[in-house]
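Here chain A shows up in two complexes: once beside chain B, once beside chain C.
Let's look at the complex of A and B:
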């Protein structure tokens, strides 16, 4: 009996060391962002942004370690994404580790010519990656995007992630994660979209060029205008539209506003409107809630959609005299907002349906849910049916409050 | 070493014997057949399992005391009993392979891709051997813990996924037709065969046998409740297409869950909870196989059959898991044929045995 126990303990001790497949943290190159471009010699060029943990602790521009940059940028080409990554490992001293990757940046030229099938496949097949990783497209070099320090963060990948985390505030790009793109790609009716980001020169007014109060020129900066220094920053810039896996076009920021209610809950979009009766003055409303209802019907053997969008808003800034008690003025603001949103939706639908012929609004799915039998005959030639679909767009806006103020902000009555 | 289990332990064992396989691999298999209707197929299978469980428990529980047989009839009865336990042993070999598939594909594919399959099979089997050496109560106690952890697992998953849930993905219901949905439920019903067969073996070890039918019904209903959440979430969060694409769809769900900003990638925590259930399955199946082997060879103690059973069961598992295609092909096809056939044949043979016992007793009286 004692011998049996001894043998069991001996086997357990030798097998339960937890050494199988171990990965020491100091052997890992922790990727925080990856950029995928079209290669010059081979199909893909993969650029990874690897964090240098010891140098990434301090404030922006003042890393705590001594080695310098808080990140290490590495890139390599390959005929497949995996090959490109393996080629990085030919000169990386550590093993590339994906589990903490924040964002995948895809170059639009690559997305247009080669498609994103390989990208979806690689990033969903790999067990290290999260399915909630952000995925974006860019007209710039993806490698440049992932290596550009932007916003307040030391690590560009983290900055990009935070850009998405707080993007409902601006509501100019969808919040696309690899799971969404994967779902849309596998769907028989819907087509994928990706948030679009681009590098934008931003003037830094408090930093003079070449010393004198401002200090040194910011990294990556370029002179613009009268010696004003500027740096490239990453900014949200609408939506990239795909037909199956190939990029077919983009939606502008305004068109994206028309798309967003179909696919996600728009948090707090800010819409500037003309003041009722005062063309030159502006009144700004913030969309607090939105609810979209897409009702499919069949008309002349083609789909017909009734789109009902209801918006709940607050007036957050008024250049003109805005009084929450003034029903007539509120009605006019509401009509203006309805007209504006109807325009956004119309232009988004127009582009998606007519120009790109891509069902990015999940209209096929909505139709299938209501008419499962009819869908069986529509699914084969859904592209044609979708192109022939007609829409009736109804927007109902409601201004609910003027936030803290009750009466208009106007000069005092002294001297009148 | 206690050889008895409480009715609560039996309930817990039923839940643990069905949960790990049914929430992921089987949902993926069904999604490949019927798409978004997998939650309906799950409910179909649970209703069928409830009926079969009630019938089986009634047959086995009411098996009359064996009368004295002589001559050819004695040989026939001994042969029939041996056949029943041979079939049960075959069933547990197949069931063990299934459990190892779950164990290996969860841990190896998602966490330790470089570790060899034999390490998982060997470790699982060794732990199972050690546990059953100390009696079936070990498995019963672990099953109680397993239930607590699978409930926690479900709560964690709900917290991390509900925000992404889209009910439109579940529509239209019965998209593939009622008949096809019902037919797809065979995969889940094969999973249900494991707790039903385990109940056949353990029924005589339950403390209060008079309440055993009630206990098994509670077990099936409770398991249905915590299980059916999964296909609903898998379709509503991932979509039927993604559920169908992956071998282990539940891991894809776990990989997708996120609570707030700071708790993501907590599938390791979820798998830790889940592992209690898997170990309960390993231990219980090994026990049932050893018990069946004891009956085949007419031995007095199942412990003598632990090592031979473990060798056969783990050998089959290693053969099954030699590659993904081989394992999944057998899981989707041959396993269903063998599992469902035995699910109906074994209770039928018990019924015939009971009928002969009753006939002989009345004749003797």
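Let's look at the complex of A and C:
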């Protein structure tokens, strides 16, 4: 009897819920990228890139495929981001699903005028959104960026995400996630940064019709009428700098290279240098490892930072004669590299500290960690203290190897 | 009528042969397989005797041999006193001097005599003797020893139990020659009177356990035992559970190893399936090869089986739960692939999974019941129609086919059929709960299942041991199979810790210097 009751209750529990909260995976509009622009009539214009799964995957046995685009772009305006999204659902037949969002693209004009406060709030408050979504700024229309098919990836959102995932190879933009921006925004000293992407026309040499990688013509690929076919590509181009929640400026790719050691573990970077003694020829080194130490001190009641950067590099291409045993030459390459890297860091610090007055290097945090007591008196007027901070930059570079070759690549060098 | 026969059976043998014959024929009537052989003992004054046996159950050569010696030699050994036959002592004299048969006994009870006839012995009644002579002459056609088809091994003995109890006890005895190895016998079933052997090693199997088994067996009241499943259900600790709390096996090596671990084995006549008790749940995931191969191989395949267990229990439920409730938990590229496969699918995921699971079970059952030559047709039709056509028609998503197929294969990797069946059965409630309540339903049903499993007992021993209660020492032979030289103790699950492997059994090359000693 007891068991009968138990079973009846179990069956009732599962049947009477009528599958509450159930939503089939094929009834979702899975958002892979979202772009936020300034609206024409209202405050925000939100553009979502929804993947059309059957076309993105080319599923055999699903007759719905072959209808064309792997994605569906929808945009709507609203006075708040959530209102704009709700406006999208007035014409989206499927429920907009955010959990798989790869990337948030913010228009720089919006970031400059309206600030990113609303964006940070919305994207961290909503439980369906992840804190580890990439967030980038763009000088172009964000809606255009999220709907640009690059040709290599089927879905643009995926292309953007992979661009960041494999970003350490190029090291020209920081890898910023909504979590980092959120943290920096909430922090009393640090200021947020975002990776900067822009649309760039790239000539496709071998194509007459300007098509991308596939057979179909991607929407971004348009002919300019000048003869050269080209396709729009999303590319990384430095950093966007914010003061509190307003955008104040950008860092170029080279300046970003000076910024990166402060905030994250840089992977590899390719640095072309002039050959010692031969101005016209180039020798290229690849930074394999870098170790940075930011040591805060107090000097004249102002912060003073000692920045020690040590680089381990390989020579990956030598146009001039390069011999790994040639100590003198290596020394010179190392000095050149040190000079170059010092320049990067200096220019980044210059811009951040003097021009934008934004602590994007997490210098306040470093200081607080070392002098928690002193920080109490500094925190009130950190902006002034930061502006008065002095730096001592030491770069130590080491050329470790010539990869596979020890001797110069020159005719007749074999058999010596 | 019934009562009359019952009263008759309580009688004892009469000195008068004619009365005896009348009684026996009243009881057994005229069964066509009952053979009555009248004869006269030579050298006496027409001393009549009769031999009863069941045709087909006896070895006729043996019977003829006995009859021959009785007819021609009996008079020489008839005990006489005062020139008359001394019937009081004749039976013993006969026993001691004449019968060449290896097993002869006398009885006074009619009941026992008739039982002997029905079991395949020959019953000899001599006029004037108040005792009947039972001569063991059993010999009937039976299946020869063959490899058990349900529990195959790659390495290991190829013999299996057969339907004959005696052969089975012999197979066990050949493996365990310990003088303390006991095979006690009871008869169960009012009508079938099935012989049941209780095999254990005295001292190793705890006395309580043996007593408990015997007590439970003696409590059974049933008309017939046709298979060990009857006994299993009548003595198991959890009458409602789908999980087997008694293990059944056709493999003598498995039974022998159980006996060596201090368990009790029940051998039941007329079935090759023996029962091992007590068991823990994890034993169902262990195969005998584990112990015969190198321990790395044994451990690896055991781990594979644990994976198979988890997969066959939960895989469809996890898929249904993720695809209909928690899409955020699926990695994005995989989510897109699943979504694209389901794009034209008319059914909700839960219904699709239930349909596929049921059709899979249908195919399995049909393949089992079909006559063997047609059996392969089922799999061809099944795989073609379900696997190919249903996906192409857009009825079933390809992902679901993979999920169900993988689940099916995983359930076949579980070595014990009855536990594999229990796991397959439990899949359905978990599936329905996950499809209606999502992760909540999934964890809830898994929780219920665990509570149920932990509360189960097998002959008083916790079913989930050594996992719960936690016995770290027993883990040597649970997820992995440790090398034999490191498993020094018997599993404490069933018996007190006794040494099984001597110390310092790990082989190593001889040290220098010691080499020359021998």
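Some observations on this one:
Heads up, the rule we're going with is that the second predicted complex is superposed on the first by the 372 of 416 C-alpha atoms of A that agree within 3 Å, B and C clash if a C-alpha of one lies under 4 Å from a C-alpha of the other, contacts with A are read in each partner's own complex, and residues count from 1 in each chain.
Assume contacts are C-beta pairs under 8 Å (C-beta built on N, C-alpha and C of every residue); 3 or more make two chains touch, one makes a residue touch a chain.
Being a predicted model, the structure only gives us computed values, none of them experimental.
Touch criterion met: A:12 reaches chain B, while chain C stays clear of it. Once chain A of one complex is fitted onto chain A of the other, the partner contacts of A:182 are limited to chain B, with no touch recorded for chain C. By the touch criterion defined above, A:99 reaches both chain B and chain C.
When the two structures are aligned on the shared chain, A:51 is found in touch with chain C, with no touch to chain B. In the superposition on chain A, A:374 contacts neither chain B nor chain C.
Measured by the number of chain A residues touched, the leading partner among chain B and chain C is C. Using the contact criterion defined above for the overlaid structures, shared-chain residue A:26 touches chain C, although it does not reach chain B. In the superposition on chain A, A:165 contacts chain B only, with no contact to chain C.
Of the two partner chains, chain C is the only one that A:3 touches; chain B does not reach it. On chain A, the surface patch touched by chain B in one complex and by chain C in the other comprises residues 15, 20-21, 99.
Those residues of chain B that touch chain A in the complex are listed here as 109-116, 119, 122-123, 126, 130, 168, 171-172, 175, 238-239, 241-242, 245, 252, 255-256, 258, 261, 264-265.
Contact residues on chain A toward chain C in their complex (touch as defined above): 3, 10, 13-15, 17-26, 28, 30, 32, 51, 53-65, 97, 99-100, 102, 128, 158. Residues of chain A that touch chain B in their complex: 8, 11-12, 15-16, 20-21, 99, 124, 127, 130-132, 165, 179, 182-183, 186-187, 362, 365-366, 368-370, 372. Looking at the complex, you find that chain C touches chain A at residues 240, 323-325, 327-328, 330, 332-333, 335-345, 348-350, 391-392, 394, 398, 429, 432-433, 435-438, 441.
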